[in-house]
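Each of the next two complexes has subunit A plus one other chain: subunit B in the first, subunit C in the second.
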Partner chain A sequence: MEDGKKGLDIFGLIKSVLFTDFVKGLVITLGYNVSRSITLRYPDTEKWIPYRRWRGMHTLNKDANGRELCVACELCSRACPTQCITVIPMEDATGRGIADRVAKVWKVDLVRCLFCGFCEDACPTTAVRLGREYELACHDLSCTVKEREGLLKPQPVPESFEGGVVVGARFVRTPGGISVVADLSKSRKRAL
Partner chain B sequence: MPTLDLILEVILLTVKVAVLTQIIFALPMPLTWLERKIAGHIQVRLGPWRVGPHGILQPFADAIKLLFKEDIVPDKADKILFKIAPLIAMVPAFAVFAAIPLGDTFKIPVIGAEVKLYLSDMNVGALYILAIGGLSVYGMILGGWASNSKYALLGGLRCSAQMISYEIAVSFAVIGVVMLSNSLNLLEIVKSQGGSFLSWNFLYLPVGPVWFAIFLIGSVAEINRIPFDLSEDEGTLSSGYHTEYSGMRFSFFMLAEYVAMVTVSILSVIFFFGGWNAPFAFLSFIPPIAWFMGKVCFFIYFFMWVRFTLPRYRYDQLMKIGWKILIPLSLVNILITGLMLI
Partner chain C sequence: MTPVLHGISILTDSPTVVSARAGALEFLLANHALDCPVCDKAGECELQDMVHKYGPHKGRHTEKKFKFHEKDYALSPVIIKNSNRCVQCIKCARVCREVVGVNVLAAIGRGDHQEETSFFKTQLDCDHCGNCIEVCPVGCFMRLPYRYKARPWDLKGADTVCAYCATGCRMVMEHRDGTVLRARAQYGVGVNSETLCARGRFGFDYINSPERLTTPHVNRYGKLEAATWVEAFDYIKESLMGVSGDEFGGIVSPRYTNEEAYLFQKLVRDVFKSANVDSTSRWEASGVEAFAAAAGMNEGGVSVFDCMEADTVVVIGAQISDENPVTDYIIRRISAARKMNVIIVSPRAMKLDSSANLLLRVAPGAEGAVLNAVALSLVPDKTGGYAQTADIAKDMIDALVAKLKASASVAIIAGTEFLRHPESCAGLGFLKDSLKSSGKKVLILPALDRCNQRGVWEMGAHPGFGPGYAGVEKRGKGTHEMLEAAMDGGITSMYAAGVDIVSMFPDAQFAQKALMRLKFLIVQDTFMTETAKMAHVVLPGATFAEKEGFYTNQEGRAQIIRSLLPPPGKAKRDFDVIKAVGEIFDTGFGPKNPALALDEMRKTNPMYRDASLAFNNKRNVDNKLDIKAALVKAADAAPPSVKCAPAAIAPKDDKYQFALMTGNHLFHSGMLSKRSVSLTGLLNSAVVEICPEDAVFYGLKPGAKVIVKGAHYEAVMTLTVRPGSKRGVAFIAENYQDCPVNRFFKKGAGTPQVAIRPCS
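The block that comes next holds the complex of A and B.
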């Protein structure tokens, strides 16, 4: 082993004279230079749509006839480890829900919520689900508590859309705030 | 009594100086953008993107930011030296261009007048460039010294040691070129490489490529760019000699650095790659200035490309390369060149 070190390394000398390692490095960086960037152009033109398993903001679901699935059993608020869900039940015979007991108030405090999904598991009627909405930042505390009315609205990304792709998007500025509107017709896989 | 011709000549020269200075002043703007773009793309990112299309207005945003920054002079700094050091670094970088030709003559298409694309046809051009180019190290040393900061002082000292070591190798490489082209005049050096690419100094085998390698390595060290930017090694010296500088004074140092990079690119083209000569005779319908700019752009890209390819050398390695490899190699190469020219 020692002898090999003492002898003149002709091959290594030629290599260093011809800068082969340097040229190899240059070729690699040139390859990266001309390759496509992995940067996601969010929020200008692209947006990441998560998989269905993603646990984002809560949604309250309705059945096929448009009746609320929530029966205000309060199991979600019991299951919640941070006590962020408030449910106040009431009687209702007008057919708003699938049963005659519906939620008068169903609200979730997203500041306390840790998106564990226990409420989802606890729900006997699959009314509560954690959706794919992840842009939850806002300027004050007013938007951190989500009420039933807002959560009942249909999701911007429908359940039928598989997700796990980058879709086209548009950055919208309104006096009420900013949002990134996804265009689900154009989609591509993430680079890495 | 000066004749009309002389007055016209002086006016033309003044205009040329003004235009060239403006161009050089504006040049770092696209170069910073380009450097950040290339950095981004080599690292599979995008680089500047938000300010203007493809971030093209980013340099303007940076310039405005630098203009509005507070110009801080440290309390215990040597105030006068601290203030003039950026200028001392910047002026030689500009002064070098007095001897650098950007082409032979250029015929303006409509009026048919011929404009010389150089400021002065200096017969000691190569010498002048080496001498003035070597002066810019004073700005860096003084900047480092006057800051009254350990980091800046160490950066300045490293910078001076590095410049002195590599100046010798670069000068030897220029001597080699002068031997090959038989002139110190840059126009003559370019003329001697006319014809096809086979007569370029780079392809004067076997010594041409060696001279080029010495020149390139030495120049990269002299303009303080990675892999030899030991004087602003942020790992050990936070930012080297311009640690204490902010705002416009800092940008003068950056300006000097970018202009030096352009200078070295131009000199590589003039000394080794035939200047504005086309590589093939049948391609000479393309104007010489286009060839020249193309080659210079390649070298500018090359310097940025190298910056994001190689890591920084250790300081002792830097000195070892300079003193133990480049200088002996250039001495041997002078001998071989001389023997070949007999």
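The block that comes next holds the complex of A and C.
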């Protein structure tokens, strides 16, 4: 304006008289008012289920006969860049695992974990998998180390479920803690 | 086959060689079970390393792999086998036959169905030494105690020396999170290279034992109760205040490091002003002097490999295959190649007999008489001397003499029987002198059964000599005299550091009575031993894996040990305990740490001044096992010469048919190995061993329970036979808790006689 041409800005005047900018803004707001919502009503009614490639909390798999796939070879703990996985093997020929070598201890410290997935890559039996469990927050450090027993329980979202969708959910508050229970039957694409 | 010629150029890394190597490896993998994630060897497997380096990284064999069996099978309580991983190198069978000499492993079958195992795959009745595990390049032979416990990269190791016998085998002890998991030998390191015996390889697990003493104990109102160090030291202070020198005696364990032994004798001599210091609860002090003098231990170290260079090797008074198994391997291995004379003089048959070309079976304690007879025959213008050895055929002595006469150099491996029967030492000295006077080179290697027995003597833990065999102003009392003095009140206080007098003194009852009379007894040990139970104060010490220091093996080879773990609980390293006891009475007592003790000791002890402690852990480039720099040098002084009177010969009693011999069992060493789970799994309850002829003669069945009855004690144990042993000799090892062999002994009564009859 300083070095620009002098004179009356007719258009500007008309714009300000007619509240054009204000109306423009209102139109956007109005558009959102009538468009479909992108807000996820998490955790009360909705929950995002990530894609299969998601790297969440570890899970330990079993084979079709229910035998543990983990042979406690410790390659995961070796591959781990943060040394957050501890494996102590033991001998158990009762058929608990696919070999007579099974894990006595398999634990992961999720606070130290980078979720890099090296453990998954190192595993020769595809026993360890980074699952789609991502609600890992808690009030104290007691829940940060996950033990074998808990990790062997199948995660709520099965491997067969494609993911990348928003599903119905229910927020459950129990004396044991809080959780968001997903209902995989009701799903919708996430609006972008 | 291409003969190697001068100037030949051999390519080891050309593309052709590398691809041929990959091809060979591909065939090895054709049937090799690729269960690396399960296999204990993964991570240190030679096949894995080779395939990783040279390939093939993809196999072309699509055929189903041949499998010997589905499940691994145990070959022994300590060895487990998976033949599917075998690469048919037959190293296991060769080490078993050529080095260990038990010959229980062989290759069964042909081609890729060839399996190296025991016949019919039954449990082995062998030495359980585990050398097959060590040489196996793949995970075919594995340690059962280590099975599925860790990966090689989990283990933190320290180079150390085996703490059982005095062969001084170098090994690496490894632990995971504070639990010692395995001991292994390294190829080309130490006198043993990659061999160990069952004790060394599997007997370390007492370190992890929950029975370890972790806190001091103080006797309160007749009961030992856990206490703090302060309470224990206060109790020691008030009880020992005012005890005059002669009333105090100290005995240090031959398993303590040299630094600890040096500090201990300093504590007894300088702080308590007492001359009564000894280092064993078994031998008489005068016998030790006689043995050290006869064996020429003050003349410096004698390498076992130098001994093997001799034309004739005489093994006498040593149950070498049982007490020093790795020395036995060395003799077997080298004698097979060099074909020198190996002469064994012993009452018992032993594994090494198969390598010997002359065997003399003598009565227990008759070694001296044999050596005398031999020496007399070597000295010109003298004949006879056979009269003393009525039970040895004259022609055998003649054969021995002929072999000695024909040799330019002679090595004599003299064992602990000379310490049990010290009167034999004169014969040893006599033979040595007469061989030397006839211009032969003579080497004497003492074969001892405690890892640092030689070292503690050379540190001066002996009533008759100080560090480096230097003379002492006043001769003190040895263990035997101390206990006698305790009996009549001459000694009121004792400090037993690491020794279990009640279990080891050759008259258990006497030792117990004598210790009962003491006003004050300090016991420092790692376990609540029989002696510790009688103590007023028990101080928890450390095992060899928990301290720094060095040992001197039987050859006089100084070798450092490294600390792997801190002592458990409130236990302390023995050096610190001895130092703290000294500081109660003299705040300036020192040296304050093992390194300073080493410096101080080296200043006063010419034997160790130049003995190198370096390089011992390094692997030789040329796989030369003999590091001469580590051998101790000659001392300035000699042990005082003593004359050992022959022990009283018990009148022959027809009730007792057997003369009782003792020593260490192959699987045990002292009472310490009884705390090892693996070793007690190999042998737990007492066995008595006689020769098969006697078993038939007296109608005794091998494997059956028998009653062994002596004049003072009788016990039920299992009978075993050993073919080739002398008739009329019964052997009971000193290692059984259920039957302490020292209860058969009576002080001053000589070799005990026993009767064996079937248990009805």
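One rule holds for everything that comes next: the second predicted complex is superposed on the first by the 163 of 192 C-alpha atoms of A that agree within 3 Å, B and C clash if a C-alpha of one lies under 4 Å from a C-alpha of the other, contacts with A are read in each partner's own complex, and residues count from 1 in each chain.
The criterion applied here is as follows: a contact is a pair of C-beta atoms (placed from the backbone, for glycine too) under 8 Å apart; a residue touches a chain by one contact, two chains touch by 3 or more.
Everything quoted here is computed from the prediction, not taken from an experiment.
Touch criterion not met for A:C76: it reaches neither subunit B nor subunit C. Contacts of A:S35 after superposition: subunit B is touched, whereas subunit C is not reached.
By the touch criterion stated above, A:P89 is placed in contact with subunit C alone, subunit B being left untouched.
Of the two partner chains placed around the shared chain by superposition, subunit B is the only one that A:G25 touches, whereas subunit C remains out of contact. Of the two partner chains, subunit C is the only one that A:R101 touches; subunit B does not reach it. Residue contacts after overlaying the shared chain place A:P124 against subunit C, while subunit B stays out of touching range.
Of the two partner chains placed by superposition, A:V166 touches none, neither subunit B nor subunit C. Note for the complex: subunit A touches subunit B at residues 19, 22, 25-26, 28-30, 32-35, 37-39, 41. Those residues of subunit C lying in contact with subunit A across their complex are 35-38, 42, 71-72, 147-151, 153-154. Chain contact summary for the complex, subunit B toward subunit A: residues 38, 40-46, 49, 213, 305-306, 308-310. Residues of subunit A touching subunit C in their complex: 71-75, 78, 88-91, 93, 99-101, 124-125.
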